[in-house]
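See the structures that follow.
Below are two complexes that have chain A in common, paired first with chain B and then with chain C.
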Partner chain A sequence: MFRAVLYTQWKWTRAALLVASIALFALPVTSVRQAGHGDQEWEAAEVLLSLSAWAPLYPITAALLGTLVAFVAWSVDHQGEHVYALSLPVPRWHFVLLRWSAGGVLLLLPVVALWIGLLLATATAQVPTGLSAYPNALTLRYLLATFVSYALLFVVGQGGKRLVGYLLVAVGAVIVVSVFDAIMGLGLGPANRIGAWLIGPLGPLRVFDARWLPIDV
Partner chain B sequence: MLVDSLARELTRAQATLEAMGRPTAGRHDTLRVGALTVLAPSDRVAIAAAGMEEAWARLTEHLGAAAEALAHDTMEVRLLQPGVPMLAGEHRALAIRNDATAEVIVARIYEIVTDMIFDGRDDSVRVWLRHQVPFAHETQDLASETYRQLATSLSVAAERCYLGDLSWCREALGLVPTENPAQRWYDAGGRRALVSRLHQVRYRTAGWTDHMVEQCTERGSDAACSALLADLPRYVAVPEPLGSVARQQLFVTALARGGAGAIDRLLVADGTLLERLARAAGEPSDSLLAAWRAGVLAAAPPPPVVTPGTRWIALAWIGLLVAVAVSRTRWI
Partner chain C sequence: MSKAIETRGLAYRAGKSFELRELDLNVPAGSMYGFLGPNGSGKTTTIRLLLGFLKARAGRIAILGRPMPRGAPAVLARTGYVPERPHLYPSLTVDEVLRFHAAFHHEWDRAWADELVAAFRLDRERPVRRLSKGEIGKLMMLVALAQRPELLVLDEPTDGLDPVVRRDVLTALLEYVSQHHATVFVSSHLVHELERICDWVGVLDRGRLVAELPMQSFKSGIKRLRVAHAPSLLGDTPFVLLGREPIEGASEMWIVRGWQPPMVQYFEGIGATLRDVVDLDLEEGFVELLRSFRDAGGA
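On to the complex of A and B.
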């Protein structure tokens, strides 16, 4: 049954996953190549500066990839009002695990593409003295970030429009309270506090809070 | 319109001058902690006293007997309204915002006092430090920034210092005179990068021709790069391998290793700057440089690997969210 679920999710997401895989392979190759100067000696400061300009693309694509696969996993089921899932001879929790695992397996494809791109880019780079290449560390961070956002959005996607509505109301409330707080000078800073918790030591998005550089000091 | 604008600026300037010029209006109290004497507004006495005690403890720790020389001076705490720009106050007046914390007061007192100690006694150290005598407890920030400079400098002097050759550390820190720094501190790649950077600031390189710059930056002619760097105006120096932060780090390293009386020894010692710093540190110059380098390397930022803690937190959240997804009983 897992193969059937995996195959249907592959059909729904394959175009996006292939595009993402090619883009993620090209990201480190292009960024590292642009940081250097052909066969001339590379300058550490310029390498870091150049790579820093590309760095935000790693966490952004990780979040987008997780979001995309999570929402696609549920969108067809929501449209069909879960008739397909209810017709299967498995309990609900089992079906949810199948969906989650299938999405997880599919997410590995672009992550592996990124890993190969990073290995290729850093192996062919003239890393300046004082800097080191971190292809495996960046891949591991990317993998964890993708799966955290996937797991988070899987729960949201599973809840359908109702849960998305609740979340939007909550975000709107935080914005309104933040504006009120700023006008009145109360110093509550709700948005900052929530953001700090999300990337704090125990926050779910902690793995996103890092320097996303394939070559670093 | 212009007249209105000028009138507004005049009013603002007058308000600023008012704030700077009549700081002692209102009731003031005199505080004495150690050799420090500070005149502070009555409503800021508590916070000024807390700052002074902390500052005095640090000053005696690092400056030793030199700090006692302050006994004849009185500093004045001047409070500025928020929004009033921090103009350079008179000598020995702490111009601080009236919402300043004790930590800010400590930093300002330390800054002024170290200035007072060097004033009229020794200018070579201050010149070498680019007139930025560091706050002794900023060592971690200084070391981190020095590491960044050492690891990313264009200069071969900095690179060799990074790799452990202390004689190049002396050069990179500006502790020994260097003839023809463009040739000594930089290799062909570094010279090309320097020309490229300097060329971006066109006013500095008005005498350079596009042809020569192209020969250097595009065609990689080291002869062209060297000629261009030799043709720099007298007021443009070849960039030093390491900035003033690295020097400040060596200064605070010497004081920290020398302990009590370190600055006294620095002020009275004869010899080159490095010999004086070594005297302050109470150890040979190579030991001081090695300690400086070790401190800088130890301050390297952590590599961008995923720490075990971050890894487990991420896995825990993934597990928790899967459990939430599985345990839901509603389909929508």
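On to the complex of A and C.
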């Protein structure tokens, strides 16, 4: 059963995963190459500054990748009003688990490509004194960030239109309160507070708030 | 007589405009049960309730002896389902659809599936989205049959198919049923199609079960009578009077159910004259049944 579900999701996402894998392999290779000076000695400050410019691409692509795979996992079932999935002789929780697991396995492909890119980039770099390469740590963080976004969007996708509706209403309410807050000068800052909680120590998006540098202090 | 499908007091509401009420279905095991009803009468909703896709507001459902929706996985393993609209994943090829479906059904009969692919002239490498409507209809029937079900639930399986494809699909269905004694629950608004293959019929209108009886009783029991000089008040009748309307002079046209020849004497008893008895075919009977139900306020 798992192989069958994995195959369907692979078929639906393979083109995007291939592009993502190439891009993620190229990201560390290109960024580290641009940070250095060829055979000359690499300056620590310049390396950090250069890599920092590329750093936002890691969490952004992690979020996009998780979102894409989660979206694709349910989109075909949504189009068919889930009739086919419901007609299969497995409990609903089992089918959800199959879909979730298959998406999780597929996410590994671009993450492995990133890991290989990081290993290659850091192995060929002249890491300045005082700095260290973190290919494994960055890969693990990327993997976690990808899974967090995937899991969140998977739940939203599985929840269907009703859950999406609730979320849109919640986002709309925050925007309305924020506008009201700004006009009245109340200083509540609801959007900032929610954002701070999301990436705070107990927030679900904590993993995104980090230094995304393959070479760091 | 054991029942493949049994519901008691089934109720469901979809918005304000539609509801199923007090639905009591009895589908005998081994029968071919035609579920008739006009478009929008609730056939598809009933089927989705039966298979556990929707949750009923009230009532109980038993399929193959198991309560639904609690027993859904076990029931669906023994039930082949062909929905009203294509449900197979469009990007998969015919071969991939068969492999996907086989992975979920332990009783999958690969050899017979291969035979049906050849018999239906399906291109194994063609994606579902590039199949014609007829080919998709055949593929859906194929996957439902090749899982060797005890019960087949077919929701308008031949709707929109050309006569040749319809014949292929029905032939495969009848061949399977004759060999495996499976129960078939088939919904349709194509009355003549059900007339040929079904031995039981249930008629649904506006979410209510109007009638449920053996097909033979349904076909032979509904008559159009031409009656003269009938009194306006009738009292008890030996048949079910579905409709009554004046035609010319002192004559009236009656539509009755449960007619038998000895009932002629009834007319002498009320001082009326029976001029003519006309057999109605199934479609006419169906239309008259619905009309009388609606005239009575849809119960």
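Everything below uses one rule, namely that the second predicted complex is superposed on the first by the 217 of 217 C-alpha atoms of A that agree within 3 Å, B and C clash if a C-alpha of one lies under 4 Å from a C-alpha of the other, contacts with A are read in each partner's own complex, and residues count from 1 in each chain.
Assume a residue touches a chain if its C-beta (ideal position, glycine included) is under 8 Å from a C-beta of that chain, and two chains touch if they have at least 3 such contacts.
Keep in mind the model is a prediction, meaning the values are calculated, not measured.
K.L.:
Using the overlay on chain A, decide if chain B and chain C clash or can fit next to each other.
P.N.:
fit
K.L.:
Going by the contact rule set out at the top, does A:132 touch chain B (first), chain C (second), both, or neither?
P.N.:
first
K.L.:
Applying the touch criterion given at the start, work out whether A:3 contacts chain B, chain C, both or neither, answering first, second, both or neither.
P.N.:
It touches chain C, and chain B stays clear.
K.L.:
Quick check on the superposed pair: does A:84 touch chain B, chain C, both, or neither? Answer first, second, both or neither.
P.N.:
The second partner, chain C, only.
K.L.:
Return first, second, both or neither, reflecting whether A:151 touches chain B, chain C, both chains, or no partner chain.
P.N.:
In the superposition, A:151 touches chain B alone.
K.L.:
Return first, second, both or neither, reflecting whether A:140 touches chain B, chain C, both chains, or no partner chain.
P.N.:
Once the two structures are laid over each other on A, A:140 reaches chain B alone.
K.L.:
After superposing on the shared chain, does chain C or chain B touch more chain A residues?
P.N.:
B
K.L.:
Just to be sure I read the superposition right, which of the two partners does A:45 touch: chain B = first, chain C = second, or both, or neither?
P.N.:
A:45 contacts chain B only, not chain C.
K.L.:
Once the shared chain is lined up, is A:202 touching chain B (first), chain C (second), both, or neither of them?
P.N.:
first
K.L.:
After superposing the two complexes, find the smallest distance in angstrom between C-alpha atoms of chain B and C-alpha atoms of chain C.
P.N.:
8
K.L.:
Could you give the residue numbers on chain A that contact chain B in one complex and chain C in the other?
P.N.:
Shared contact residues on chain A: 82, 86.
K.L.:
For chain B, which residues are in contact with chain A within the complex?
P.N.:
Touching chain A from chain B are residues 147-148, 150-154, 159, 162-163, 187, 189-190, 192-193, 220, 300-301, 303-306, 309-311, 313-315, 317-318, 321-322, 324-329, 331-332.
K.L.:
Quick one: in the complex, what on chain A touches chain C?
P.N.:
Spelled out, the residues of chain A in touch with chain C are 1, 3-4, 7-8, 11-12, 76, 80, 82-84, 86-91.
K.L.:
Report the residues of chain C in contact with chain A in the complex, numbered from low to high.
P.N.:
51-53, 72-77, 81, 83, 85-92, 96, 99-100, 103-105
K.L.:
Where on chain A is chain B touching in the complex?
P.N.:
The touching residues are 40-41, 43-46, 48, 78, 82, 85-86, 92-93, 96-97, 100, 128-132, 134, 137-138, 140-141, 144-145, 147-148, 151-152, 154-155, 158-162, 201-204, 206-207, 210-213, 216-217.
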